[in-house]
Amino acid sequence: MTTLTREFTKGLWDEIPLFRIVLGLCPALAVTTTMENGLGMGVAATFVLVCSNGLISLLRNVIPSEVRVACYIVIIAAFVVAVEMLMKAYFFSLSESLGIFIPLIVVNCIILGRAEAFARKNGVLASLADGLGMGLGFTLALTVLATLRELLGAGTLGLVFGERVLLAQPFGFFQQAPGAFVALGILLGLMNVLSKSGK
Amino acid sequence: METDFFALIISAIFINNILLAKFLGNCPFLGVSKNMDTAVGMSAAVVFVLTLAGIITWVVDHYILATFKIEYIQTLAFILVIATLVQFVELFLRKSIPALYKSLGIFLPLITTNCAVLGTAIINIQEDFSLLETVVFSAASATGFGLALVLFAGIRERFEIARIPKPLEGTGIGLVTAGLLALSFFAFKGMI
Amino acid sequence: MFIPAFVMLGIGFTSAVVLAVAAKVFHVEIDPRIAEIEDALPGANCGGCGYAGCSACAEGMATGAAPVTACVAGGEETCLAVAKIMGGEAGFVEPEIAHQYCKGGDRAERKYHYEGAVDCRAMAELYGGDLRCEYGCLGMGTCVTVCNFGALEMGDEGFPVVNPGNCVGCGACEKVCPTDVIKLYSITDRLLHFNHDEECLSPCKQLCPAQIDIPGYVDLASQGKLEEAVSLIKERNPLPLICGRVCPAPCENGCRRAAIEDEPVHHNYLKRYIADWDMALGKRKLPSVLPDTGKKVAIIGGGPCGLSAAYYLRRLGHSPTIFDSKPELGGMLRYGIPEYRLPKKVLDFEIQEILDLGVDVRCNAYLGQDLTIAQLEEEFDAVLMAMGAWDNSALGCDGEDLEGVWKGTEFLQKRELDIKVDLTGKKVVVVGGGNTAMDACRSSLRMGAAEVVLLYRRTRNEMPANKVEIDAAEHEGIQYHLLAAPTRLVGDDQGVVQQIEFIRMELGEPDASGRRRPVPVEGSETLMDVDVVIAAIGQKPLLDWYTDDLKERGLQLTRWNTIVSDDETLQSDVPHIFTGGDLWSGPALLVDAIGTGRRATRSIHRFLNGQDLTLPKGTFKGAEKIALSNEIAVLGVERLPQVPQPELEVEDRITNFEEVDLVLTPELVQQEANRCMRCGTICYFKDDQLKEHVEGKDARTTVDDLLSKSPV
Amino acid sequence: MKSYLQMVLSLSLIAVLSGLALGGLNELTFEQIQINILKFKKIPAVADIYEILTGELSSEERMAVEEGLLSEKRYVDLGLNEPSLFFVVRKDGAPFAVALEDYGQGFAGNLGVMVGFEIETGNLVGIGITTMSETPGVGTRVKEKAFVTQFMGMSKDAVLKVKKDGGEVDALSGATVSSRAVAQAMDNARAFYTEHREAILDAVNETPGGSS
């Protein structure tokens, strides 16, 4: 049991996506303009990551290594399109706000990254735990980044305070993508300081 | 109307540079730009994949997906084509340039999930480009990607002797600099 | 609903066919083990193995180009895992830890003000760096930046501090450092390292024949880290307890305090204090010993040289055996130095600490009688001859063979060999001016002699004995007849010596050794009644072991009966026979014997491994000072009174063999330690910097409680 | 040879299975998605036009209007590869205007605008935004009343361009790109409407529903 918990928890701190493993930047930079988007994107990505990790590790011995990337990506894409359809059908409002970014989950490097680096070599249970851990880690990272960007960039925190303006003159810079790069960079620095003192 | 190819190329490389304006393909942007030759290797691979992918996806979309009205599997079909191309490049590199293959490491398969590649393919369809325009646009976008990557690799090699606060070393400062670089590309916004 | 399935089938199939063809065409034969090994490696891509990253190293290991132990960062379990994959057995490789000697940092003088790129290599391009002494640490911290294991941190005094726990020995810092200050050292390297011209050597360290890092252990002692101080000393001198009591401390002559007309720092008192503290601790903390190399070395002679060679050879993994002619080990330490200077309890403790490492001993084995070199050559791979210099030179005047006329070493051995000697009420005359003569005088006093007179043909300050000994003997009432030499011994009809005739001398021109040649004054012969005469005018090695077959085999002797051997490597003309101690140098200090013991160990170690024996170029020869560190003006340092060595009162020490020198109190230790300026070759601590250096460390508070539990 | 067969087999099998799965899923969710798009996208825009006509509506009234509009959708086959959709806007019970949707090139993707045309005069009644992905806080201001009301009663042959481009539409300050997109969408809608005016008007009187 302990290895499973370790696989799961490593995604939350030691190898938290975005901060430790610098993957999955494209959606992270584009979608985290509001906290709500960050959270939604994280949840959708987690769902896809868990399912794909599980299925890929199930088929890991079947798929020969020459075509492994193609097969994995088809599986991931299938899950993503499925999520897109289900969301449009049953959670229309969320799919509206996430818009373009659901198809971009398929190109989210985290998912294929975990498949290539982990699911391909480990058992199903471990892969599921890893997927869940990584997914939640990713959601956590996205939400933290989104909160920072929304608070500084737009001066509001939609999910928590609704329309109330918290910051009189917000820095528009953080709402744009270059701002996302800088915010993530600073967060990374903060993370290192924390982990160094935390260890 | 006769599409102005020159304007198309310039806009693809500078104005809406896939990396620094549209912010697609950031993972390899930060992952591979640690040193110059991997960056150049990656750019070459992306140019090859993107151009070929542009052509094939255009053909697939126009002749198969449109006729059967099954656009919803567009993502699936495109990504499969791209993945095959990337796997092809991987096999090719492993055979003929093993050194580059080793240094690209995890980032070679990750070209498949490179948002820039799929992004450009989808843009080709949204902009309703003709085949020729698709080829030109894809190649130009890939060159833009390469330009940004090589530019950034140059800067990162200077980090070696710059005095950087300890926690920001490595990826942290990389991200901040990427942000500033992206900001500079805003200047091209108003050209066309 | 079936249309998409067909479309996907179409695309999937074509893709698969394309890939299958590509796989066929671009097929590359990959050794499956490479992937396995790569998974086992830590993936730090540190380059310590010399390859560009882990995958390259894995490929190297799989093809056999790199040894299984190549991965430095991975540590033991990685190495074992890779060995299992390759199906081989992992051998032992000594861990190498980065070590940095230069303590200059902010206190070192700078040639110019530097504002260039923050990189030592960049600064080194500018006149070899801004430091006055060219091989010091430039302090730009490039080694700290390249180390990605967190083993290096920039200390608060301007030089990088190594954290040995994190250091994996990948060598990145060594490659980056332009002045070679930081280097990787294995245990063998540290034990067999000899001073080098291109290295930071304080004046005292240059003068110490055993090359002990004196400022190092003084600094550790003042911070209360006594355990570390002991291990630092033992890296160069395995007999600190004995040395602390007996050594005349040539290092103190070099102390930089002399430049401000101040008394030198008593390094030896501190060394003795540290050693005593370690002994009083009681628990045996054995130093690290490398795994057995299966090589056996015979050491003939259990004196200081033999003991020190045995200690180091054992720590390097060889198995030395000590042969000694006497019933117990120690040589001159046991049978030459009397109890009041070196209690046998202390001697036995120190020798036992060496034997506990796994050194076996065969006593009462006299070379030439009980065993021969030929016998040894079958059983042992190398032989170290360190029998010392026991033969006394004769007085050279008639009446020498009268009864009651003894030789110096002979007389001193008697007490240890339990031969009862009763001198009560007798008058003893000792001839000679060295330490043996001093020991003879003070011992005979303690054996009840009524009056002890010392004859010496030169003046007081030319006497080779320790200054401390000469003063102590005088306090104990021994009369000095200086500028006097014996001419005739008059015996009675039973052949027992009654009188001694000696002649007044004057000092003429200096002879070859630089000492002024004494010239007899005509007609100044005087007679003196005497009961016992002890001749202690110099020793030379015995030759009864020197058989003819050794002569044919090429082993030659010098005029002073010492063995002819290469000065640097101490290797005799017979390749597997090495020499050391007094047998090689003639009578010398204990600390010289320890120094040659370690030098012989290095030669034997390299001989056993079939390596070339010559010392690396630029090795620091003998004791001449590096001129650079002499003409340094000592500024910002005030004179501080020297700490007196507490001693037993004269009355209660001349009647017994109680140890004369007592142990320092902790306060005195701290006071003396603070007098030491922790010199480098050029830089040293000015008073305010030293105060801040010592006070700055919170260890300051721990010194008191640590020292309070020490032996008094 | 076996491994190549396995390669081809596995990739094709996975491709087919995923195609099948998505096809099936699409069947399942297609209707629901269309309804959603209608309910949450198109009809609210038409309701916006309705509000311009009748003035501010309370949330209950708006719910009722949106409910009503469900039955006001009409499909007309204009020879395009799928039937075109438009809505009938009634005033006091009688069909008063027709609303149809068209797109303009926005800042970061298409901007959908539902445009209402009076049946008799052909003049514009008003507009409602359906889909857009403009920069939040900047481009999204085109939805606000101030911008939308300027189109009420605009004549059918007004120059539908932004003032800067010589048209009559005064653009939102700082959001010229989005305003130009709206103008472009309206221009496209008008061109479509004038071209197919007769067919659309016949379809107005048909019963609601029509072929999907």
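By letter and in written order, the chains are A, B, C and D; residue numbering begins at 1 in each of them.
Assume a residue touches a chain if its C-beta (ideal position, glycine included) is under 8 Å from a C-beta of that chain, and two chains touch if they have at least 3 such contacts.
The structure presented is a predicted model; accordingly, all values stated were derived computationally and were not measured.
Asks: Chains shared as neighbours by subunit C and subunit D?
Replies: Both subunit C and subunit D are touched by A, B, going by the contact rule given at the top.
Asks: Chain with the smallest distance from its CA centroid to the overall CA centroid?
Replies: A
Asks: Distance-wise, how many Å sit between the C-alpha centres of subunit B and subunit C, to the nearest whole number?
Replies: Going by mean C-alpha positions, subunit B sits 64 Å from subunit C.
Asks: With chain centres defined as C-alpha means, what is the inter-centre distance between subunit B and subunit D in Å?
Replies: Each chain's C-alpha centroid was found; their separation is 33 Å.
Asks: Express in whole angstrom the distance between the two chain centres, defined as the mean CA positions of subunit A and subunit B.
Replies: Once rounded, the distance between the two centres reads 21 Å.
Asks: Using the touch definition from the top, which residues of subunit C touch two or more other chains?
Replies: Those would be 3-4, 7-8, 11-12, 15-16, 19-20, 22-23.
Asks: Can you list the residues of subunit D that touch 2 or more other chains?
Replies: In subunit D, the residues touching two or more other chains are 7, 10-11, 14-15, 18-19, 22-23, 26, 109.
Asks: Mind pulling the subunit B residues that touch 2 or more other chains?
Replies: 70, 72-73, 76, 80, 83-84, 87, 91
Asks: Make each chain a node and each touching pair an edge, then name the shape: line, ring, star, complete, other.
Replies: complete
Asks: For the complex, give me every residue of subunit C touching subunit D.
Replies: Counting only subunit C, the residues touching subunit D are 1-9, 11-13, 15-17, 19-20, 23-24.
Asks: So in the complex, the part of subunit D that touches subunit B is made up of which residues?
Replies: 15, 18-19, 22-23, 26, 81, 109
Asks: Looking at the complex, which residues from subunit A come into contact with subunit D?
Replies: Those residues of subunit A that touch subunit D are 33-34, 59, 62-64, 66-67, 70-71, 74-75, 77-78, 81-82, 85-86, 88-90, 92-93, 96, 99-100, 154, 175.
Asks: For subunit B, which residues count as touching subunit A in their complex?
Replies: My answer: residues 23-27, 29-31, 72-73, 75-76, 79-80, 82-84, 86-87, 90-91, 106, 109-110, 112-115, 117-119, 122, 165-168, 171-180, 182-183, 186.
Asks: Quick one: in the complex, what on subunit A touches subunit C?
Replies: Within the complex, subunit A touches subunit C at residues 66-67, 70, 74, 121.
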